[in-house]
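Quick one: the structure is below, questions incoming.
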Amino acid sequence: MKKRIISLLLVLAMLVSAVAMVSCGNTGDSGNEGENGGNGANKVRYDVPAEGYDGSEVTITFYHSMGARLQTVLDTYIPEFNKLYPNITIEHSSQGDYDGVRDQIKTALTAGNQPNIAYCYPDHVALYNVAKAVVPLDNFIESTITVTDANGNTSALGFTAEQIADFIPGYYAEGTAFDAAGTMYTLPMSKSTEALYYNKTFFEQNGLSVPKTWEEMGKLCEQIKAIDPDCVPLGYDSEANWFITMCEQYGSDYTSLDKNGHFKFDNDTNRGFVKMFREWHQNGWVTTEEIYGSYTSGLFTATEGQKCYMVIGSTGGASYQQPPQVDGNALFETDMATIPQVNPDAPKVISQGPSLCIFKDSNPQEVVASWLFVKFLTTNVEFQAAFSMASGYAPVIQSVQSNTVYQQWLDKANGINNLTALSVKLALSQSNAYFVSPAFNGSSAARDEVGKLMQSALVYTGSDVDAKIKELFEAAIYECEYAAH
Amino acid sequence: MKNFLQKIKFDQWKAWIYLLPAVVLLLIFTVWPIFNTLRMAFWNGYGLFKELGGELTFEFGIKNFKWVVGYGGFITCLKNTMLLTVLTVPISTILALVIAVCLNAIKPFQRFLQTIFFLPYVTNSIAIGMVFEAMFNIVGFGTTMPSYGIINNILGVFGMDPVNWINAGSSYWANIAVLTVYIVWNALPFKILILLGGLQSVNKQYYDAAKIDSTPRLRVFTKITVPLLSPMIAYVVITGFIGGFKEYSSIVGIFGDDMQAVGGESLNTMVGYIYKQLGANHEGDASAAALILFAIIFVVTMINMYVSKKKTHY
Amino acid sequence: MADKLMSTMHEKDMQKVTAMQKVTKILVQFLLYAFLIVMALIIVFPFYWMIISSLKNTAEYRLPVPTLFPQEIMWGNYLEAFTAANLGKLFMNTVYVGIVSTILSLVVTVLSAFAFARLEFKGKNALFAALLATMMIPGELFTITNYVTVTKFGWLDSYTVLIVPFLVSVFYIYLLRQNFLQIPNELYLAAKVDGTTDLKYLWKVMIPLSLPNLISITILKMMGAWNSYVWPRLVTSTDDYRLITNGLRDAFTDMSGQANIPVQMAAVTVVSIPLFLVFIFLRKYIMKGVSRSGIKG
């Protein structure tokens, strides 16, 4: 017993000395920001060096989550960038997936080792912003400082009006989801959305028409269920996307940037659609990947047994919805459409996929060089085209569509063996429909919780549905508030 | 200084020389982080990024601990952690002991079977999570055409109804049963390895002596094998408890980040809570929870050590 | 059951067996094998799953009802695995880190375990209890602090950063101490009387006697290098120093973060083979045991 006490004392003694040591250690790097305070109507600003890019030799690190194929594309275009700016060395590396990039940067920030550029989702940037680590881009975008490239051509450091107009507006607006003033923190890199995949052959054989509204979707599911009683007509991949998209389509509250009450999704409209979709699930009309216990794409492309005839999933996963082939013949044809809407005249679809953010650095030239590279990646037509073709994600600038190679690729789109191009085509055609949810420290919790809420409500089989839904909403709000305390 | 050194026996500082590399490394990479944990735990409302953002001034207190204990799911986390530990440690230890003793006892196919029991070491963890899900899964549960995983098919061979193990609407105890199987499976190879190694270190003379005395076989097992293996058994039990209290990845492996079956009860654990707080930028709460967990493990380990000291034969 | 098994090892000694005993023995043997085979099947199933998954195409892999044998065997997955990732370099890194850290770790562990098991010094038990206590804090909390530490040391992007922070494992020190304590103290005292130095005694007596456990530690340590993912990714930025699991997990994902699992499994299988051979080799040493070392207790 005595020895145990000694060991405890030992630990305590070390503890005291350590606390003393910690309090005088650990200084982060000092950026050179000139901020006018983040709250209120003023945008957060970053002081762009007056000389712009001075041609100095810098190394830029770029964290992303590209697989081997996409890295090949990137590696092809870095030399193109270096033809313009030979003194900027780009080092890039994959950190696994999006969460991997976030976790890596989260830790790296503690030692001031953050990369210069990173793949990001709005939630991640909101997190980095707690540490005030992300460079606000407005001053770069607006900058008229002249830069001269290696060919002797001069151009403005910022964007021209044409360049801004070239961005697909919904994608571009995502960069401003962080504060009331609309400070721009990110630029879109490559985007996907959700789309409705349907079995065109089956629809034609049975004289079914593609649903434009949720009302039509409900009726259609009933019809399909009558034709094939064993099927589940519709598969939805992501419950969280479903909930968030419905809020947007109904115009009901989801989350807000208001610091006094971020989480506003517990309201009658939202309880209403959750209740409706629960009935759909109980009728056997709809399932989700989590509830079904397997990929909905597997159900969609099944050749025997249970099937589904529609899937709402990411346009980035189009290749998985490709119809199965027997002896070189596709068993059916897949087609794609915009997901059902509450109001088809003002469609709303979610925007997904990586954006780029730039981190503060003690060397302002690294920040400027990073900006130049980000500008190159987001505005270079050839790169955006090649990246889109390799990834199946949509390019973020409209002029890519007039690129000849890209046009030829899009022309080959079909629902039998080139669904990828078809999905990009659809994503581009609904460019006016994208929306963005507010991003703040804790916004990822809302996403997690509404997904869980949706799942639990759909599978509830008890009798007191309203009470259960009420309970689920309240629990979700509690978890969100706790996560954001 | 010289006087001081002379006073200490030769043995004393020799021991510290042997321990020097370990102690130095531990001070840097283990003790130092523990202090940092303490700093964060007793800093009210601490968040790493808040500190980096320069918004935080030090305020000593136990507010973080209050937040942890005040969390609505705290008791659930505690209960799940305890339950899984109490279930999995004894089962895996006994099973591993029996397998190790059996493996040591057979002759034909001995090498082959031993090789099989080494395979988990080269099976990548990605594959292991997937296979367990597939084994217990019911695809399309609740639809008109469900298809059952291997486990339910085996139950069917014995005329039993399929059980909803992990899918939507599955019961808490079914979930716990699956987790128990998974955790035990995961723990087995390590324990078999240690116990097999231990068995090989046991001197064969004891058995020869028993043979001469023609001691009954059950007595050989309980009076010779188990006592001689007792240091290793104590080792796997104590480390098993410590590992059990830190259970987390197996639950995510089967039930995903939500740590519950669809619509089911929460299977969150203490470490699950810690992870979630780290993700939500609440390093202060995470550290406080880690210290609470540490206190629990410490007490349990002390009890374990006390018991094993009485029962261990060196 | 198991007690009967023990005796089967020395059948020669059992000259006089009655018919009844023979039947019991056969029955016991049968049960024994049945038990081991069932357990072996359970243990081996994920490995089997890994192999068959590596031979499926993506569509078959995603089928609602998983097939137990690939409908169409896709050897092409293996070709893709080889071309997609920089596995050769990553594999060599893993082997290097695995071997160096195992050797250094064994040295540190043996010395510490010896001190705890055989030497008498003030505060021994207190220190040992404190060591055990460090195992009880979830390691995730260490990561951030350790990251800051290695950054300050300037160790990022080096083999050092992959090896040194994990050289000491209290788990292994504890394991070996348990083993050392089993070796009769009389041997040590006798050696001291003979004037044998501690190190010589350690080398000549204790290490041979604990060989099975040292091999176990070797296997576990190698597996650590084989499975480590988070730390190497955190502290290295290029393939020059990354380890195999980084490549296995990261190279085969598409934009939406979904892995091409069949190709991934093919890659896993390929890199498993050399590892597996090493284990078969080490297994021999575990099973050899110490029966022939001639030390009498």
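Note that the chains are named A, B and C in the order they appear, and that numbering of residues resets to 1 at the start of each chain.
Convention: a residue touches a chain if its C-beta (ideal position, glycine included) is under 8 Å from a C-beta of that chain, and two chains touch if they have at least 3 such contacts.
If you're wondering where the values come from, they're calculated on a predicted model, not measured in any experiment.
> Using the touch definition from the top, how many steps at minimum link chain B to chain C?
The least step count works out to 1.
> Need the central chain here, defined by C-alpha centroid distance to the all-chain C-alpha centroid.
B
> If you take the mean of the Cα atoms for each chain, which one ends up farthest from chain B?
Farthest from chain B by mean C-alpha position: A.
> Whole-Å distance, chain B centre to chain C centre, using C-alpha means?
So the centroids are 16 Å from each other.
> Would you mind pulling out the distance in Å between where the CA atoms of chain A average out and where those of chain C do?
39
> Between chain A and chain B, what is the gap in Å from one C-alpha centre to the other?
36
> Residues of chain C touching 2+ other chains?
Expected reply: 64-65, 127, 133, 144, 249.
> Could you pull out the residues of chain B that touch at least 2 other chains?
As it turns out, chain B has residues touching two or more other chains at 31-32, 34, 36, 48, 139-140, 147.
> In chain A, which residues are in touch with two or more of the other chains?
4, 11, 110, 292-294, 299, 305-306
> Under the stated contact criterion, what part of chain B meets chain A in this complex?
Touching chain A: residues 31-32, 34-36, 38-39, 47-50, 52-54, 58, 67, 71-72, 137-145, 147, 167-169, 256-258, 260, 262-263, 276, 279-282, 302 of chain B.
> Spell out the part of chain B that touches chain C in their complex, as residue ranges.
Interface residues on the chain B side: 11-12, 14-16, 18-19, 21-22, 25-26, 28-34, 36-37, 48, 95, 98-99, 101-107, 109-111, 113-128, 130-132, 134-135, 139-140, 147, 185, 188-190, 193-194, 196-201, 203-208, 211, 216-222, 225, 228, 231-232, 234-235, 238-239, 242, 245-246, 271, 274-275, 278, 283, 286-287, 290-291, 293-294, 297-298, 301, 305, 314.
> What residues on chain A touch chain C, complex-wise?
Listed in rising order, the residues are 3-4, 6-7, 10-11, 26, 61, 65-70, 91, 93-98, 100, 104, 107-108, 110-113, 190, 192, 292-295, 297-299, 301-302, 305-306, 314, 316-317, 320, 322, 324, 353, 391-393.
> Write out the stretch or stretches of chain C touching chain B in their complex.
Chain C residues touching chain B: 1-10, 13, 29, 32-33, 35-37, 39-40, 42-47, 49-50, 53, 64-66, 107-109, 111-112, 114-115, 119-122, 124, 127, 131-138, 140-142, 144-146, 149, 164-168, 170-171, 173-175, 178-179, 181-182, 198, 209-210, 212-213, 215-216, 219-220, 223, 226-227, 245, 248-249, 261, 264-265, 268, 272, 275-276, 279-280, 283, 286-291, 295-297.
> Using the touch definition up top, name the residues of chain A that touch chain B in the complex.
Residue list for chain A touching chain B: 4, 11, 14-15, 18-19, 21-23, 28, 106, 109-110, 127-128, 130-133, 229-230, 232, 284, 287, 290-294, 299, 305-306, 441-442, 444-445, 448, 451-452, 455-456, 458-461, 478, 482-485.
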